[in-house]
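Some structures to go through are shown next.
Shared between the two complexes below is chain A, which has chain B as its partner in the first and chain C in the second.
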Partner chain A sequence: MATMTGSSAAAGAKSFDIVATYNELLRSDPDLTMPIAAIEALVLLLTKEPSSTISETLDLLEKSTAHLKKAIPNPIGLSAGTDLFQRYLITTLQRPGQLGPAGDFKAIRTHLLSNGRLFIRRAKESREKIATFGRGFIRDGCTVLTNGGSRAVASLLQKAADDEGGPSAVRFRVIYVLSSFKNADEPSGEPEGMETVRALRAKGVPVSTIPESAVAYALGKTDMVIVGAEGVVENGGIVSRMGTYQIGLLAKAIGKPFYVVAESHKFVRLYPLGQYDLPINQHVIDFKSDDDITEQKEESATPNTNGNQQIELPLCDSVDFTPPYLISALITDSGVLTPSAVSEELIKIWF
Partner chain B sequence: MPSTSVALTPGLASFLKSLNTNPIDTSIENLISLLKRRQIRHSRSCATATAYLLLRVVSACRTSDPVKLIERVQSVGRRLIAAQPREMVVGNIVRRVLGLIREEAEGDHDAEFALSEAGSESQPQTPRGFDDSSLPLDRDVLRPDADRAASRPPLTSMFSLLSHPVEDDSQPSTPGTQSPRGLPGHGPAKDVRAEVLEGINEITDELDQVDDQISSYALEHIHSNEIILTHTSSTTVQKFLLKAASKRKFTVIHAESFPNNHDATHATVSGNSPADDENLSFEAFQKPLIALGITVILIPDSAVFALMSRVNKVILGTHSVLANGGLVAAAGTRVIARAAKVHQTPVVVVSGVYKLSPVYPFDFDSLIEYGDASKVLPFEDGDLVDQIDVQNPLYDYVPAELVDLYITNLGGHAPSYLYRIVSDHYRKEDISF
Partner chain C sequence: MTDPVASAPTQSPAAAAPAPAPSQPAMQPSSQQNLPIRDSKPAKVPAQKDKQQKGKDAAPAAAAVGADAPTDGGTKALTPAELKKKAKEEKAARRAKEKLEREQGGAGAAGGSAPGGGQGRPPATPKKDAAGGGASQKGQKAPPPRRGSGPGTVTQTPAVEQKKKKDDKKVAVFGHLYGQQRRTTIAGAGKEVHPAVLALGLQLRDYVVCGSSARCVATLLAFKRVIESYDTPPNNSLSRHLTTVLSHQITYLSTCRPLSISQGNAIRQLKLTISSIDPSTPEASAKATLCEFIDGYIREKITLADQVIARSAAQKIQDGDVIVTFAGSSIVKQTLLQAHSEGKRFRVSIIDSRPLFEGKNLARALANAGLDVQYSLMHGVSHAMKDATKVFLGAHAMMSNGRLYSRVGTALVAMSAKERAGGVEVPVIVCCETVKFTDRVALDSIVVNEIADADELISNQLPQQVTGLADPAAFTAAPVDPKKGGKPAPKEPTPAPSASSRAPSTSPLTEWKDTSNLQLLNIMYDVTPAEYVDMVVTEMGSLPPSAVPIVHRMSTNM
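== the complex of A and B ==
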């Protein structure tokens, strides 16, 4: 990911490289989600680039956001953060009162700048909150199937296994679906989610790890499926780690409840009509003949440095779209929602 | 209020009668034991009893401080719910009363707030029910007044991530942050308690009228010469059908719901319903469907699937409706709903909004109540009873995907829309109190 920071900075962010900041934030704190990192990066941008008027600030934000989105191969998660931040600024500025037009624009600026760490803390707290809501779903003696490396799911499962914070620890089992892709971020190359598996086993939760091909086989022994999400889209569907869609389809076919755990700041204004309608450049299906392979070998010798083209998402980070009809409920920090409630949450902030 | 001079068997009528004479605490204990002993059991009766009890509790509470009122109602509500957790309407009514108090408490501040923001209005204030969701930021600021004062405002909107922290001292004079207790001269200006009492009276009125309101939609859903299948002796369903029968001719197939409700169902069909002290007198419907010239076919529950292919529409009553669109209804409902699904027959559920519970069904099994096993296998068959395990579940959980339409007193809704009605009727902070 470090290579893309070299791409030329857009006009909006002259000296301050928002892409590098965003990537650095994500790297420095493994608990940070993409939307929060994006918000943080924008707050830092406002610190570095002094702007005195509202429209100047909004213009700066818009340009940097566009630049950031272009530079990141999967902008769905971060666009949830940038959109939220932008809407928050606009709504707060429009709202009458101390911070409104009658008030001081500086007040809201100082609030944002001085509370940078607060947002991160709140985002982490919202994960705690989800865990409290979701605890009710995990009952004694049940078996949960999960996948991917979602921190919200991990914290939910760990909270359920913990003694503290509840009447007693739930005795449950976990079937963890491990991706067959090698994880580029891990030096050992172990698949995503192994950390959670170890943490759960340390808490005494029996965990079984299975490959993606065994999901249908394992679902018969499962009581419920709980997955995380990278973004929750307008119709209540989710964009999540590759393989989630097929787990959803299988769970539906076998009649097991399929729950999604996601913070409400991951709600994003996007309405994908299908798998191939996501604003991501990922080549999961790649048709090749022998000629193409030889051609590609030659091409890879000369690296492509075209700044305008969207960067391709590495295969291990590829995502798919799970449509809302497969989802039983979304466990968020604002309660347990049905998929159709997502659009309302979004409407609340946009209109 | 029924005024019978004879000693009544313990039930709703006797409870309501004693409510005005007994001290509050006796009444609370009285209702708790009635609920525990299942002497009050229909959803409507439980809701009515709860509403009238809370009316007394609030009117006896000699305070105008909304915080104290909320605490009082919460403590009573908790005890009632603990007495009979499966009667979800009790919790629903308590939550609605809590919501009323909060609304009145915040209404004071909203008025104050509106003054300060007059002139540059950006978000139009819609009437009650909608304003609390359309102004999430205002609510975040206002909540601490009515809510447990010390705690952080709960995160209700997506903006909560970014909004001002309460402990932030950079905003000492935002209009909404003054506590009602901080301004002693201001709080009692409007009598919160009187407004709340009026609100509770509206709830009891709603409980009285709900069946008539629902039945006003009947002609939109029942057409001439249709064959309707129903189940149990639900008053709501009967009124719905009666309303349609006044204008149209159709056929009703009535499953008898053995063994828990068959006597009542038979009585409903034949029209000679015994004096039911469980129901209030005005609820007893005068005429059965057959008197209006409707063909009613009484069938055993086992014949439902066989007849489903001829049925045009299934109309069901319910015990309670859950936030995800599923419902808890008399045992046998799920079989009917499933059979209807197989035959692609539309399933319509008629239910008052008061039955709609914000509870999410984490654990379906815990919602099911088990009844008297002797109804399945009488104790005269002592030899058998010794040797086999008899179970008599009273309720079924029906998942949302088996229901096509809900008709409430507010109109027809898709199951996926119920979450919206839930959020209009209950405050988030009251869902688990």
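== the complex of A and C ==
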């Protein structure tokens, strides 16, 4: 069975490489989030691959999803999209009427694809919606601390900056925590978030950039913390860029509100119990002695060809888990939610 | 989940008989001794009581007002505060009387009457003393408060007071939980009660069928037998009449042991199904539908749910984990066995407590399956928690405010897991079927709880002594020891029949009912705050405790 699925996945990959499509989509559109890229890749897959029955479609979907998840080092954000799409397909197919199981499959297929595109468009619009919800949180004279390269946070801050025509409608300041890791995607090697910093400065917002080590020092001058998230998990916690957890802990200790900005398609059916319970293979803590280092040098000379293992997440993309008790509220496109309301939203989607 | 009908009817009468035997004689005389105290009250009050017993309600409030009116009329104009006080006094007196009446009415609860009467009174008396003026007359006549009596209440002899203390065997804070005494025999049960239900009642009482889901399943199976043997009497419709038949069974079961949340939920669903049956349906097919419903309910809500929960909870167990669990939850057992069968390597540390020792069965089952098991009692919890990595708990119920209502001691285990002083925070995972969810809310474990027979606390064997003290009981037991293979000090006392017969004489608390100033409290459950629970694993997925009401609403609406 295992070999069969493996070979069929390989065969599917030959005619339509879902992983390559996914990566290409992410690269081509900087505004695209991981779950949406995954959904878009799946929709493309369904248009390209001929399938004539419902079960064939679902089977194809399941296999490609598994293949995609295996090929990407951090499948958390992605799985939110694929799970949502699969769930959406199943509920659509179960609905009685022309588009139900009794109907003409071709009609169902075209309907699915057009709706899938509608789904993507709506998801892209959600950032706009979040900005309208979250604008009220940023008031005159306040200082916002943020980190990472979240596009949702960037759009929220920019919206607040050019609110009601022209700059300085709302006078606020931003403290931007810049990661010490070099961004691999950027050829200039500048850290993630510099683009947002430039955009905000262009709009007349005073921005200060600080290293991660200065967060505790800077929090005293801050009124609130706003961060983005890669995935929002079932208990209302978030999986986010490494360093978010410590900002959350510090904000809690100093007593500053900690807000998370996330689109509702980032809600994942995942329930991590702690930092080390995430389905990611990342070696942040790596104990080494001198012997290990020399050994590793020798090993790197001979390429490792163990394809079965999950791909390791590079250090600059590592994530951590911020538990729900550190989060004051989640600003999403379905409203401003408390962490405990996330599970309610998730249950609504899934049942 | 033992089959209730098959396993225990032989066991239960034997176990039921000895327990009530010592308790009844001890309580009977005490209630008689208490009577004089009651008579020492003003003459008006017993008269009222008689009236009340005959004519039920209506009378007492009016009578009390009528009796007080003349005396107060003399002092004339009462301030609003005084009026308020008076109303309070009347209310307290009325409550006490109602309680008395209720308990006297209860079958075989003769012993319960006296303390009940004594309990309602003391709150009223100090107020009377404080009221002064016209109320002081009453204050003199009233008996002194039970405890912490002031200098003004020397009217009664100390001997009488002592007797009264002796009678008060109900722990004050939990006074409201001692309703009727638990049924001890099937004598006095109505003829409508089905034999299967009669047997189940005794099994519930004796903890032969114990645990929330087991009780739920056993009840449903017994009700299935009731439905199978049910014939609709002429001029009745099944959907109307069967519910009344079932309510007789339910009343009987609740006198054996208060119903669990899961039992209540299952019964509610069953009654709903019965009442939704079309009256024109032929009886045979209606009964078949109901039996099918019961089977389906057990399969979906418990059997399959348990499998789903065990599978998803087992995913949370990783190699090298040390799992701490408390008492014996069937679903936790299933989870651990599932994880073991998946080839995970982990240790289990079971924490158990008196008097039910539910963890012993769990320890044996897990050890037989090849798991690494450590067994310790509650007092070893901080030690067991030191190397724990996860805590798995079973549930009696999940409250709507996310709190966990479970076997007493659970809260302590959860709390010690969350104790940050140790440097680690251990995740606490609760495994619970949605059938155990309730829309009720619990803020503490006092308002809603269950009180078990306090005698359970004393009738436990002592470890066998090798070097005897000058204790006659120890000497009689001495010949037993060599037969046991000369074990110096067994860690767990084996339940030998000789030991259990000897135990009552050796336990210093045997005579607790005749010992003054001594109260025994044997509560069954406690409430764990939601902050101490990280995750609730249900058949509908893993949830934070705050999602309990949402899931409950969804699972009941479907």
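By definition in this document, the second predicted complex is superposed on the first by the 316 of 351 C-alpha atoms of A that agree within 3 Å, B and C clash if a C-alpha of one lies under 4 Å from a C-alpha of the other, contacts with A are read in each partner's own complex, and residues count from 1 in each chain.
To be clear about the criterion, a contact is a pair of C-beta atoms (placed from the backbone, for glycine too) under 8 Å apart; a residue touches a chain by one contact, two chains touch by 3 or more.
Being a predicted model, the structure only gives us computed values, none of them experimental.
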item: Touching partner for A:G141 - first (chain B), second (chain C), both, neither; value: neither
item: Contacts of A:A329 with chain B and chain C, given as first, second, both or neither; value: first
item: Partner chain(s) touched by A:N235 [first = chain B, second = chain C, both, neither]; value: second
item: Partner chain(s) touched by A:E344 [first = chain B, second = chain C, both, neither]; value: both
item: First, second, both or neither for A:G274, with chain B first and chain C second; value: second
item: Touching partner for A:G220 - first (chain B), second (chain C), both, neither; value: neither
item: Contact breadth on chain A, by residue count: chain C or chain B; value: B
item: On chain A, positions contacted by chain B and by chain C; value: 339-340, 344
item: Partner chain B, residues of chain A touching it in the complex; value: 39, 84-85, 87-88, 91-92, 94-98, 100-102, 107, 110-112, 115, 118-119, 122-123, 126, 129, 136-137, 139, 264-265, 267, 328-329, 333-341, 344-346, 348-349
item: For the chain C and chain A complex, residues of the former touching the latter; value: 316, 390, 427, 429, 534-535, 540-544, 546-547, 550-551, 554
item: List of chain B residues in touch with chain A within their complex; value: 116-117, 119-123, 133-134, 136-137, 155-165, 168, 170-171, 173-175, 323-325, 360, 362-363, 416-417, 419-420, 428, 431
item: Residue ranges of chain A touching chain C (in the complex, touch as defined); value: 234-236, 269, 271, 273-274, 277, 324, 339-340, 343-344, 347, 350-351
